[in-house]
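Per-chain numbering from 1; labels A, B, C and D assigned in written order.
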Amino acid sequence: MITNLLSLGWDVNPTDPNKWFIILGVMLAGGVGAFLLSKAPTSSRRSIIVAFTFVSGLFWVLKYLWPEPIAFREGDVPRNGIEGFGKYLTDGVPFVSTLAQTLTAFLLGLGIFSLLRVHLTKISRKQKDWQFSVILLISLVTVCFFGYWDWILFNFRMKDVLVSDDPSTWTWVNQVQDILFDGLLQNMDAAMFSLIAFFIFSAAYRAFRIRSVESSLLMVSALIVMLSLMGALTFVWNSAVLQASGGNPVHFLSNFRLDTIAGWVQSNVQVPALRALEFGVGLGALAMGLRLWLGLERGGVSQ
Amino acid sequence: MSSFPVLLVDQIKVLLGALCIVGLYSVLYKENKIYRFFEHMFLGLAAGYSLVALWKDTLYEQWWLPMTGRLTETGTVDAPGYWLFALLLPIGLMAYTVFSKRHNWMSRIPIGMILGLWSGQQVQIYWNKFGPQILNSIKPIVPTGTDGFFQQSAYDFVNGAVVTKPDASLILSRIYMSEVINNMIFLVTLLSALAYFLFSIDLRGKAATGFNKLGRWMLMIGFGAIFGSTVMARFALVIDRIGFVIVDTFEAFTRGPG
Amino acid sequence: MSGFNADKLQKIDRRWLYVILIVSVAITLLVGKGTEIPVYPDDSSKDLYITLMNVPEDKPVFIQSDWTNSTRGESRGQMMALLRVLMSNNRKFVIYSMGDPQAPQVARDAIRMVNEERRKEGLDDFKSWEDYIELGNFPNAENSLNALGNNIRSAWGNRRRPDTTGVDRSVFESPVLANVQKVSDCGAYVVVTASSTIDFAVERISDKVNLNAMVTGVVGPTVLPYKRAGQVKGLAIGLKGVYDMEYMMKYGLNHQLEGGVIKVDYPQKPEVSLPPVPNGQTFGQGATNYLSLHIALGLMILAIILGNVGMFVGRKGGKK
Amino acid sequence: MQYLDTGWFGIFVTVTIVVFVLFNIARAGKSKGEIFIRRIPGLNALDDAIGRATEMGRPVLMVPGIGSLDAVSVQAVTIFANVTKQAAQFGTPIRLCCADAAVYTLAQEVIRDVYQSQGMIERMDQNSVQFVSDRQFAFAAGVQGIILREQVAATFLLGAFYAESLIFAESANSIGAIQIAGSTQNTQTPFFIAACDYVLIGDEFYAASAYITRQPVLVGSLVGQDWGKMLIISFVVLGTILNSYEFKQPKTTQRVDTTAEVRGGNENVSSIEPYDGDPRTKTPDDTFVYRMFNPIVSPEMLTIEREKEQVEESVEPTEEEVTE
């Protein structure tokens, strides 16, 4: 339970009438802190950023390296400081887990601002295709309006009437939101996604030529897999193999069933090749994570 | 509040869906005004929806409720709030200092925190992800089954029926020469591909460059197999979409109410 | 002269390729309805079928459903095949999403559709709270899985769902989750996904649960190494995986049908013998679309061959 | 107080790799960039691509993928900073399209710094770094539109790409743009190989910034990663030899993995028991290597005494009590 989350008196009782003062107070205190931080001398700025980064990463590193209390059950009293800290770390996971996403969410405003700037500039300067920017803005505002209205109806205003799985209980607002989301947005998603099939078709047609060893290998292995995915073809091939082995399904020739060949390529070449690739990428991510965490990476975040 | 007939809403949705598909597919011919129309509508809807989901799915669920606490329907405490969450607001807002020439360095604080949180996890997950794979890559390369080159079948074929041999499990446990060769191929593929990614070693001599090249070839075979498998995925989607335009649209307008 | 023709073969305008693809798929969908295609299921699909048919009666199956409408072509078929197996065997399940806020809705739709199928066959509905629990979305798969592996009771503790009388109660009071103390108490864990959420599941909980996956053809190859290393027990890949499952649901695995025929055999695991599912519909989206997939793949192979023939003939012509 | 979850071995390997990386970073700092790095062909093409865009007077498009802010995106932005440096000198317009607000924030800062450090801030178009959409296919549609309408001359697709990769690569190919791509997503690499001119495969992506900038920290880290790879290679080779030997030995014991009830909860435990079945050779889980990776946790190791917390009776009635 979240109730045990920090068990340090850091909680706020939701029925407490003073809770807004506490929360607002903390926000203000944070704001004051940020203001003081902005007065930091230029020379210390880099250290401040590195410190924030380091502390944020420290939790997960400690969570990994700190010994976990053995067979710890809810309501147990830690035997010593090490166990106590281990329990503290475990209890902190749900809290720390959401931090990155919440912070990213606060940044979305910057992204939307960028989008608006691009299109408002277009409209105000009557640049080419400015009419389309108007369409963009209209869609944005419409979906925002109905999206929030729908949410308020569902969660507060008509909480007891509306059933999300039963469209017959919906009001016109929910229906409009449904048309915008399910009818337009979702379908456009799927349409864009399925466009790729066409691109794959033309890319394969153009690129899969027996020009070099590399492109030939790529092509042959792709062909084997594609053939093996065609059940009917596999069936015909395998039937032929069965016939060649005199109707004996456990004959040596059964190793040449199409699905067996494709499986062989997959387990003996594809799996180790990808695994090697992943080992390398994993090391790269680990090393880069380390550099970012310790503030060693220049030119990126901590210039 | 009033509402539209459910069937009508469904029909509108299907019709709009089909229109979207046709509109966006038109780019396959060439970039045109219809595509541009749908593209911009798409971007607008997506941005608007992100703004809704921002509060509804992320901030409200992950930040507001944990901060202020939850009540049950009867008004008792379900989960208390934690005031520490309130600090995230000023930290997140520091990102908006990008508009200030003097304080824009502060926008790197939330960015640094996001990266720090990500980095810390890398240390945590490395072994969980790769440990079992390293173990699984370790395969024996000396045969233990000596009564043949290939693994004997664990089955007999008697009078047109497949019969399991009594010692089937023992046969399956032995390693035959054929499997050893497979394991060797596995090992060579793995090692040559890994060696391909050694950047700090200067490769001299035919053997070293050859091994390196082999690694690249093996990677290409692996990529080919991915390509083949992905083709299935993409075609499955386009089949589904064409099915949607033809079948679902048709059904939506032929089916009666309810 | 041959050079001229060959050059054409090499440089077919991409738009023609697109038109041919659309038309032939559309025709196959309309004409080829209800054709049953024989198939050899992949071993990984067989392993998934084995897992699903062997779930202990008293343990719920955890379904992490992370797909949305954009991969409906594969994922919905997978989801429905999975639900059919579980419902047919009367196994309880918990369903939730960690990939996308829209995922719960499409999952609910899939449950509704399978329930409708069951009603048509005269079978009972699967009811929320008693037979299954739908938990909704958990944003950020990495962290939610961390929390789940860490302590399921705290990770899901604040989720409430209406019981049979309509009163909101903690999900751990429901018959589905009552006996679950930690994540390893689930009968099987199935991730239905079109994205890398399967990686996160492998990284964070594969050591704790019987992890299985149903993934799109794109994600499939990246999951295969996990499958071979035993981190993922059963795996259905793409539309072929859907049809594999549907085929085994109809014909069983290492199972002698009437007349002694074994439609799907598994030579590596002779000890296994699984019947078809006891009731309900077996064929679905996989069977409907598999023929069209043949046509599309065939076209693609044909195009590649044509391009290469054109290149070779063209090269010869050029030398002349 | 044991490392029951992962065993000491996993932690040992992770820490060893961390030490490798840090040690080599320190070493490279002293040796002043004398360390060898293999040639990566795709990266040599960066200059050509920018040169061509300059000749044609058309923009260069950069996309850092659709991943959230992590090492992959930071790496992509770092490479783009180098591309921008060159583009700025020639006055070639750039377009950098982001799909994540945090990545956008970072990219905008970094790109502005590049122009500033080159003393050409007036050449920077405010809208050259854009947030397009955080929805995958809306992003794909938007970027495809930009590619086709602005007729970009070169594209750099570096980062975490998913299904949208081919939409970008084929659209750009259809207008004849020169393309350099790289993704840590293996599933997309084959499509880049099919549609792009130069492709960074797997780890080459992480090696890129070290190769371009030759900063000691990056080069040292790259050497550390190589040591890590050699560590894995040596594990595999040694393990193979050991296993080949052990698999010929007769099976005398067998490992049993079960769960045991400890202090009111279930824990995974395992034990080694004598084997008395049909004579046969060892199975994989009998080997030393397997035990290294999967340590044996006996029920005794889990025996522990701990006090229970004194729980105060909650004053507020729970829901059930109210309804009754």
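As a working rule, a residue touches a chain if its C-beta (ideal position, glycine included) is under 8 Å from a C-beta of that chain, and two chains touch if they have at least 3 such contacts.
In this text, all values refer to a predicted model and were calculated from it rather than measured experimentally.
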Pair of chains joined by more contacts [C-beta pairs], A-C or A-B: A-B
Centre-most chain [mean C-alpha coordinates]: B
Relative to chain C, chain with the most remote C-alpha centre: D
Chain centre separation (chain A, chain B; CA means) in Å: 9
For chain A paired with chain C, centre-to-centre distance based on mean C-alpha positions, whole Å: 20
Separation of mean Cα positions, chain C and chain B [Å, integer]: 14
Residues of chain A whose C-beta touches two or more other chains: 1-2, 5, 64, 96, 98, 100-101, 103-104, 107-110, 112, 115, 129, 186-190, 192-198, 200, 202, 204, 206, 208, 218-219, 222-223, 226, 229, 249-250, 266-267, 270-271, 274-275, 277-280, 285-286, 288-290, 292, 301
Sites on chain D at which at least two other chains make contact: 5, 11, 14, 17-18, 68-71, 74, 102, 105-106, 108, 132-138, 141, 149, 163, 186-187, 190-191, 193-194, 201-203, 207, 222, 225, 229, 232, 265, 319
Set of chain B residues in contact with two or more other chains: 24, 27-28, 36, 38-39, 42-43, 45-47, 49-50, 56, 58, 62, 70, 72, 76-79, 95, 98, 108, 110-111, 114-115, 118-119, 121-123, 126, 128-130, 132-135, 137, 153, 155, 162, 187, 190-191, 194, 197, 219-220, 222-227, 229-232, 234-235, 237-238, 240-241
Graph class of chain-chain contacts, one of line, ring, star, complete, other: complete
Residues of chain A that touch chain C when the two form their complex: 1-2, 4-5, 74, 90, 93-94, 96-98, 100-101, 164-165, 186-187, 189-190, 193-194, 197-198, 200-202, 204-206, 208-211, 219, 223, 226-227, 229-235, 238, 249-250, 257, 259, 263, 266-267, 270-271, 274-275, 278
Of all residues in chain C, those that touch chain B in their complex: 15, 18, 21-22, 25-26, 29-30, 70-74, 101, 137, 139, 142, 158, 160, 168, 199, 202-204, 206-207, 216-218, 220-222, 225-226, 228-231, 237-240, 260, 262, 265, 267-268, 270-271, 288-289, 292-293, 296-297, 300
Chain B - residues contacting chain D, complex: 24, 27, 31, 35-36, 38-39, 42-43, 45-47, 49-50, 72, 74, 76-77, 95, 98, 104, 107-108, 110-111, 114-115, 118-119, 122-123, 126-128, 130-132, 134-135, 137-142, 144, 170, 173-175, 187, 190-191, 194-195, 197-203, 219-220, 222-224, 226-227, 230
For the chain A and chain D complex, residues of the former touching the latter: 64-65, 67-68, 70-73, 75-79, 82-83, 100, 103-104, 107-112, 114-115, 117-118, 121, 129, 188-189, 192-193, 195-196, 199-200, 202-204, 206-208, 218, 222, 274, 277-281, 283-292, 296-301, 303
Residues of chain B touching chain C in the complex: 28-29, 53, 56-58, 61-62, 70, 72-73, 78-79, 121, 125, 128-129, 132-133, 135-136, 153-155, 161-162, 164, 168-169, 172, 222, 225-226, 229-243, 246-247
